[in-house]
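Note that the chains are named A, B and C in the order they appear, and that numbering of residues resets to 1 at the start of each chain.
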């Protein structure tokens, strides 16, 4: 099993090779999948041209002064330009950007305690190629570094606040002692600018959890102060034996619609081999619901907020509300590049092409 | 079982008779249900008039210069006008409009292949009486024609694009080979204006699925390029044995809040006889969640996205997110005309009366 | 078991004592829980001050003419003011306001019939301290008085309309005879200003239901015409044996984001003793979804819309859509003051502190 699987370098290289999607698509890994498709794209495939293209004037009722031939030409040009933009977006995927979020953070060991240092600080964050925004982060990442521990571990989190306002960390989903719950003026004082604060606890319950700011949180979380806190169970269930374990954090704050801090085409594809099992841990840190839709294969829902569902159930579109975590298993039995996106379409596509909450599950033959 | 049951002609005639809801309500089918109600509406029923109606000035604190009697008269007139508009809407239901969507499309057979011809084209679409909008459609219908096949069928879809921009069809929920998935520049070239494209596949998985544009889709689907793709199982479960099988597609795009392409009072009632079972296949092709609420009876949820739930469960309000399909069974054990609507109230009612995502389940004695 | 448990007077007194949260926190009931926390808040606890606080100018790129020391001072002042406002909000909780909604209404008995009198009328309603709004109410309460009966009871509801527009009551979730369903012009005439109307029925199905206006309802319900209609089962399941039974009605209409008609800090905490079981009956009467998140403990979901789920399941964040009711059990095994709020953060917190859909579950040692 790969933990929060990053693309192996060789795949990443292929995917990004000189902005050339063709190189990727013709690579050994993906040839069987996509070469036929690409050929179709270029050669017209099953496509045939009919005698008379439609024009906008077809339904204009004849009141326009524009000559139909000119209108048709303008419409064709607009359609071509739209397709060009769509194609450019797809070909750019996965686009390189500065900064990677959700990177697994290795703990320092202090005897039996796993120690994690988190510094709250502002950085410039590149959401998509060329679009940089102000981000409030843990350790300069959006989402913050991924913390992954085991049930029963002793954990210490050192928070250093380099922001200009107070903050605090809530460990969302963990059933901690009250004084570790991270809510200023209820369970602790706020952590002032320039100050530090230490949380320490024994990890009580397994599952896909989160950590995020609980002070001025609509703003601080919206700007990036959030991360995954995954707790592996002491005794995994058989259904949890997977080949790829992927955390997907949804957000929709000041950075736009993002998956793990990036918008399409800078989102990260999930890659698996035919027959492998992928676990996706959906986490919503945004302000809106996002029904995530996977093409080509179904998802088997196993956990809600880190708790097993009474029985696994299947779907292809899973509605994920703010604060929720849902864990699903995908058995990768259908080779190809499969779109994987929020099905609130304005979160995923504009007339300029796909953007925002779009990625792909690539099943290699 | 009636497939995507349309009202029998005799019922439709009654429902629409000369704008007269009274005729319908007094008809043999509905007398027992509604006559008492209507009498109550006209005669005042259990209603009694108290001595002193409230007026807006009751809480005005005495600072207004309007004479209380005049204010009371104005309030009464406004309330009467509101009721008049509400009543007119109900009496108009189900209102006749031009065009019907979601009509079952019979295939042509090419040997063993079921062939469906879909033409993408713009039409004017009447959402409610007198409100015509531009619609982008399959075969001039919103939703597009209903495709209903069986697991294992061989199916061919001929798409002809008469629009002024490119398009493509994604078969949402079907686990097809990648090159039939309908995502331009990932699995196929876009289908240009004036061009045609053919999809062909063996239907892999049963359930309530959909087909819709996957190119500039926020616009194209919002304007009507969507339809139901229902796959009947080879071996139906006992719980699937129903008397009425009804597809209800929700949308909230440029045409407003609609059920099967129409807004109340032009929506279609579902009609069943006492004791019958109705299956409703909810499909959300919009951009918002819609919690659909049925009055008078509960719904038993059996399927999610075409996959059986581990065990059926009951509700009266079912939250349906974009891209989701939920199948429910209603055992019609309570006679009457039952409101059936989205419970986000601004999607269903205004001060001018009910509109948008409202219909009725009529259980005839 | 306490029914829709109100705080005992002694607790309320403590909570509100002279605006002093310290008094509450040091009280016998809460000492063990919170005294340590408060000490930490005042003394700095585990907090340490580092040498150099961050300032907004750290990332300003040097183009500002403001002297860094001045900018730092301004940032510090702003942060301090923000914390002060946050602290004031928390300390004010639970704040006293005029008017309490959702108060259990004792029926008059007319032989075997439980009679409830509901008067629809406008009042001024204090949502938070000092913020008064126009409310349209049943009996002057928002939510309306809680009706709690038993399966099979005979119930009569006398509605008197003192509003300036017509109204009607729909008993949301109850499977009543059609003529008791409360939909003007479909099942009854509207109840005119000044008029009265009587509903009478035998309660058919158990569970957490609601009553609300079904006439101009987007406005009337948004202004407060709603309440809980809880039906206790004749044979409760073992899982229903709880110590605290709490109705929590969500709304987001013209009064802002509210729980039982109040916004934080005027919301009511739920109080239980360590080891007790709390049932929360969530009801959404608003226009938006609200994923309710409980800190520190999970919720076990038992019922949807008054119907048992096939098997209980666990979560810490439960997505509740308009019209839905969800019943959960919390086993209070973790002492402390636990935040309990909508996780759409702009419904719960602003730069001025927590507001709206926030309360607490207080587990006393």
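Criterion: a contact is a pair of C-beta atoms (placed from the backbone, for glycine too) under 8 Å apart; a residue touches a chain by one contact, two chains touch by 3 or more.
These figures come from a predicted structure and were not determined experimentally.
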Note whether the interface between subunit A and subunit C is symmetric in residue numbering, meaning over half of all numbers used appear on both sides, and answer same or different.
different
Since subunit B and subunit C share one sequence, what rotation angle in degrees maps the C-alpha trace of one onto the other, as a multiple of 5?
120
With chain centres taken as the means of their Cα atoms, state the distance from subunit A to subunit C in Å.
33
Shared-contact residues (touching 2 or more other chains) in subunit B:
289, 310-311, 319
Subunit B partner, complex, touching residues on subunit A are 33-34, 36-37, 40-42, 44-56, 58-59, 75-76, 78-79, 82-83, 86-87, 90-91, 289, 291, 293, 295-298, 310-317, 319, 334-339, 343-346, 348-351, 360
Complex contact set, residues of subunit C against subunit B
121-124, 134, 160-166, 170, 172-173, 175-179, 181, 183-198, 205, 214-219, 221-222, 287-289, 304-311, 319, 321-325
